[in-house]
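For reference, chains read A, B and C in written order, and residue numbers begin at 1 within each chain.
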Amino acid sequence: MKTLTQEFTKGLWEQIPPFRLVLGLCPTLAVTKSLEGGWGMGLATTFVLVCSNIFISALRNVIPPKVRIATFIVIIATFVVITELVMKAYTPMLSETLGVFIPLIVVNCIILGRAEAFASKNGVGRSLLDGLGIGLGFTLALAVLGALRELLGTGKLTMFAQANLDLTIIPLGEGREFLFKFMVDPPGAFVCLGAMLLLMNLISERSARSKAA
Amino acid sequence: MTNQRLVVSISPHIKNGRTVRRMIVTTIAALMPATLWGFYQFGLDAVALVAVGITAACGTEALISRLAGKTSSLGDGHAVLTGLVLALLVPAGAPFWLVIVGAAMAILVGKMPFGPLGGAPIYPALVGLLIVATSWPNEIKSYVQPTTAPIELKAQGAADAEFPRDAVLIDPSDEAEYKTADLFLGKQVGPIGVISPLLLLLGGLFLILRRVSRWQAPFGFLIGMGLAAGIGHALDPSGCASASFHLFTGSAMFGAFFLCTDWSSTPVTPWGMFLFGLIGGGLAVLLRIAGLPYGAVPWAIVIMSLATPIFDRITPTPFGKVASHA
Amino acid sequence: MDISFFSRGIKLSRQVTSGKIEQIPPSERVVLPLQQGSGPPAELSIEIGDAVEVGQTLARGASNSGADLHASISGEVTAIEDLHFPNGTTVKALVIEGDGKDTWIEPDRDDKPLIASPDELLERIRCGGVIREGGETKSLAQVIDEAMSPRGHLFSTGSTVAKPVRHIAVRFADQDPHLNALAALTATIGDETADLDLGVKVLAAITGAEQIHFVLDNKQNSPGVDKLAEENDYVVLRLDAANYPDLSSPMVARAVSGKEPDTAFKRVHENGILVLDVDTVLQTALAVRDRRPVVDRLITVYGPAGAGVFKARLGTPLADIVSAAGQEKNIGKMVLGGPMKGLAHHTLDFPLTKEIPAITLFAQNQVTLAVNDPCVGCGLCAMVCPIRLTPGMLSRYCEFSSWDLAQEAHLFSCIECGCCAYVCPAGRSMVQFMVQGKTELLSTRRSES
C-alpha cells in the first residue's frame, strides 16, 4: 500500500496522465496552443476530478455495480456543469479559449478512469489525494506542452489573457503573428507530444540505468 | 579440399547488383538537368539554397543517428535526396533559414521517427516543405524573376495577390499572354527545380527506363491532371486554365515523376499506382482551383500518400486464381 | 535491362557452352542414397558384402509410386552410411567400392514395348528408377500416379475424382538459362529421335494424354525434334528461356494449355498437365524398351571458369566432377542446381544424385552475403513476380510473423523462383521469408488438425 504522500505524488511523474498513462489526449492536443489554455484546462479538470473522486468514493458502497458507469457520469457531469458556469461567469476569455473542451471534460477518460480504477475502490481521503495528484500532473503536463508550443509558435507566453499577463519572449517583426506557425497548428501538437514522450522515456531510462548501476 | 567449408545461403545465388544507394544516386542524377536549369535561371542564390538544403538534411540525419546511437545511414544518399528535393521545391528568393528548417523538419519529423528507410508514410521532403509552407506562407512565395522568362515578375510585395495558386503563377485569364511552348521549355516563374517540364520529363523517363520507378503513377498523375483540368476548362474557362497550362506549370511534372514515384509512400501494385496517380492528379487540379495558398501538387500527393495502404490492397489476381469480386 | 516492361519475370543471359557432353569415367567408389525425390526411401534388396554389376537393383521403391535404385558401378556393396542432405535431412546411403571392370547386367530387351499394358509400362518406369526433376523432385511413377488420380491435399477440398491428363509438355531446355544440360542433350539427339519418339508414346499410352507439346528455347535449332513433332502432330512451342522463369512448369503449363494453373497446394501436374524434361523422357524410353535403369545423369557444371555439360555415374563424388570440369580452384560456394533455385551445400563431399541437375560454383571473391535490410517499398519485386504477388508485402508479413495475412495474400502461390530476391535493392532474402512462412503455416495447420 502506498503512503498518502505517494498517493499524491504519483500523479506528478510516475503516472502523469498524458505522458505516462497516455490518457486524455484530445484536450492535450487541442487546447495546448497557449500556456493559458494548458493550465486553464488542467485546473478545470483537476477540480472536476477531485470533486468526483470524493463523491464517488463516498458513495462507492451505495452505487449498484451494474449502473456504476452511468452513475459516475452523472456525478462527473454535475461538476463539469458547475465548472463551466463558473468559468463563464468569472473568466470569460479563458472560457472562450477552451470552448467546447470544458463540457467535454465529462468524457475525459482520465476522470472516468480514476473513478473506475481508484475512487470506487478506495476511501475518501486517498481518493482526494489521488485526484489532486493526477489533476495537478495533468495541469503540469498541459502547461508545459502549451508553453512549449506557444513559445515556438508565436514567441509569446500567455499567462492569463484576462489580466493582460502576457510575456513576449521572442519579439517578432511588425505585422507578424507567428514565429513557427506549425507548432500551434494541430500537427505540431502531435510532434510536440511525441517529443515530450521521447524525453520522458529518455529520462526515466537514464535514471533506471543509473539506479541499476 | 573435401573438408573445405563452403558458404551456404538461400536461393537465388545471384543478384542483379541493384542497391538502394545506386537507385538513389540514379534519382539524384535524373534530377540534375532540371536542377542545373534552375541554377541557370535563378543564379547563385539557387545554388546556395540547394547547397544549404542538402547540408541541413545531411547534418540533421547525422546528428539524430548519433544521438539515437544508430549507425549512420547517410551512406545511402537518402538525406542528400531529401535536402535536394526540398530545396528544389522552394523559390530561389527564399531565406536560408527557411530551407534549413524545412530540411531539418523533413528528416526530424518526416523520416527518422519511422525507422529505417522504407518506413516513412509521407515523402519526407514534402513533410518539411509543407511544414515551412504553412508556417511562413509569405516567405515561401519569394519568387524571383528568372533570367529568360518572357514575363515580368510583378512586384514582390504583391506576391500574395498576384500568385494565388500553387506555382501556377498566372491568373488563368492571363493565359493567352504565355506561349505553352515557353512554359514547356522552362521559361516561367516558380520554385528552383520545377520550372522546366521538359527536363523533368526527360529525367522522369530516364528513371522509368532504368527501372527505378514505374510508369503507372507518373502517367496516371498526368492523365488525372489533364482530365480534371480539361473538364474544368471546358466548363468554366475563366475559372480553370487549360490542361496544358496545368500540366506545364508549377510542380506538376516534378510531382508526377519524382514525388509520385517515391518508394514507401506510394503503392506498389500496378493498378494501385495508376489510381494513386490518377486521383492525385485530379485532386491537385481541384486544390489549385480552390486556391490553396501554396503547393497544390505537394498537398495532393501527401493526401494520397495517406491512402497508400488502401491502394496497395488493389493487388492483381495471382497466377491461376479466379478473379474474385472482393 | 533485367526487368522487362512487357513481361513478368526477369531477363537473364544465356550461358553458352560448346554443346558437347563430356563423359566422366566411372569412379572407384560411389555413394547412393536410398532417398530419391520426396517419396519414402527405397527398401534394400541386397545384403552388405554382395557383389553387384552395373544396373543391378539395390533397393526397391514403394510398390506403386516409388523408384528403384541401381548400382552405378560394378563392385562390392561395402557399407551403409549416413548422408546429410543440403535440405537438412539425413538419409541412409549405400557405398559401393568399384572393381574397375564396369560389367553390366544383361536385361531382357523388349522391342515392342508399346503393346504392353499401361500398368506394365508404369511398373517398368518404376523399376527403371526414373525420377522427374524440374519442379518438385519425385519419382516419375508417382508423378503420373498423382496426375491421374489427384488426391486431396492438406488444404484443398479433397476431391478424388480421377482427372485425365490432357497435355504432356516435354521441355528441351533448362528452366534456368545459366544451365545447358538439356539443350546439349537436344543437340546430341539430332536426327536420332527414335528414343524420344518411344518415350513420348509410352507416356501418352500410360496417361492417355490428348496433346503432346514440345517446348523449346527460341534460340534452339533442332530439326530432328521439329520433324518428329510434325510427323506425329505434336505442337512445338518456342519460349524465351532468357526470360526466367518462362520455362518453369507452371509457365509452361500456361503456355501449352492457355490456362493458368493454380500454383498453390495443387501441383501443376494435377491440373491435367504433365511437364517433363527431355532426359526424363529418354530415360523412360530406355527403361521400358531396353530395361536399362537410370545409372548416370546429365549435369551442367557452371562456375567461374565457364559452363560445361557432363554425364557422370550416379554416386560419383561431386569433387571429382568439379575437378573434371577444371573448376576446383578457389571455390567459395557450391550450389546443387542452378544459381536461381539451387540449394547451397557446405561441402563438396557429396555424391551426385538423381535430383541434382547442375552444380553452380562461385569463387571465394564472388560470394556475397545477404544484406537483408528492411524493405524500402520500391515495388520492383511486385513488378517481376511471375505469379503476380506482392512479394515485398509478403516478406514483411513473414518477417513480422503475420502468417495469416501472408496466407491471405496468397503466400502459397509463390513458386520460389527467386525473381523478387534477384531484383531487390535492399538485398532481402525473399525466398527465405516465403519458405519460412509456408513452413510455419503448414506446421501450425498440422498441429491443429
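Operating definition for what follows: a contact is a pair of C-beta atoms (placed from the backbone, for glycine too) under 8 Å apart; a residue touches a chain by one contact, two chains touch by 3 or more.
Fair warning: this is a prediction, and the values are worked out from it, not measured in the lab.
With chains as nodes and touching pairs as edges, the resulting graph is an open line.
Centrality by C-alpha centroid: the chain sitting nearest the overall protein C-alpha mean is B. Work out the mean CA point of chain A and of chain B, and you get 40 Å between them.
Between chain A and chain C the centroid-to-centroid distance comes to 69 Å (mean Cα coordinates, whole Å).
Look at where the CA atoms of chain B average out and do the same for chain C: the two points lie 48 Å apart. Interface of chain B with chain A (complex): residues 101, 105, 109, 113, 131-132, 134-136.
Interface of chain A with chain B (complex): residues 178, 180-183, 185, 187, 191, 194. Put simply, chain C touches chain B in their complex at residues 1-3, 5, 10, 86, 250, 254, 260-264, 317, 319, 328, 331-335, 337, 339-349, 360, 362, 367-370, 373-380, 382-383, 386-390, 392-393, 409-410, 413, 416, 418, 421-427, 429, 431-432, 435. Contact residues on chain B toward chain C in their complex (touch as defined above): 1-16, 18-20, 22-23, 115-119, 209-212, 214-215, 263-265, 267-270, 273, 312, 315-321.
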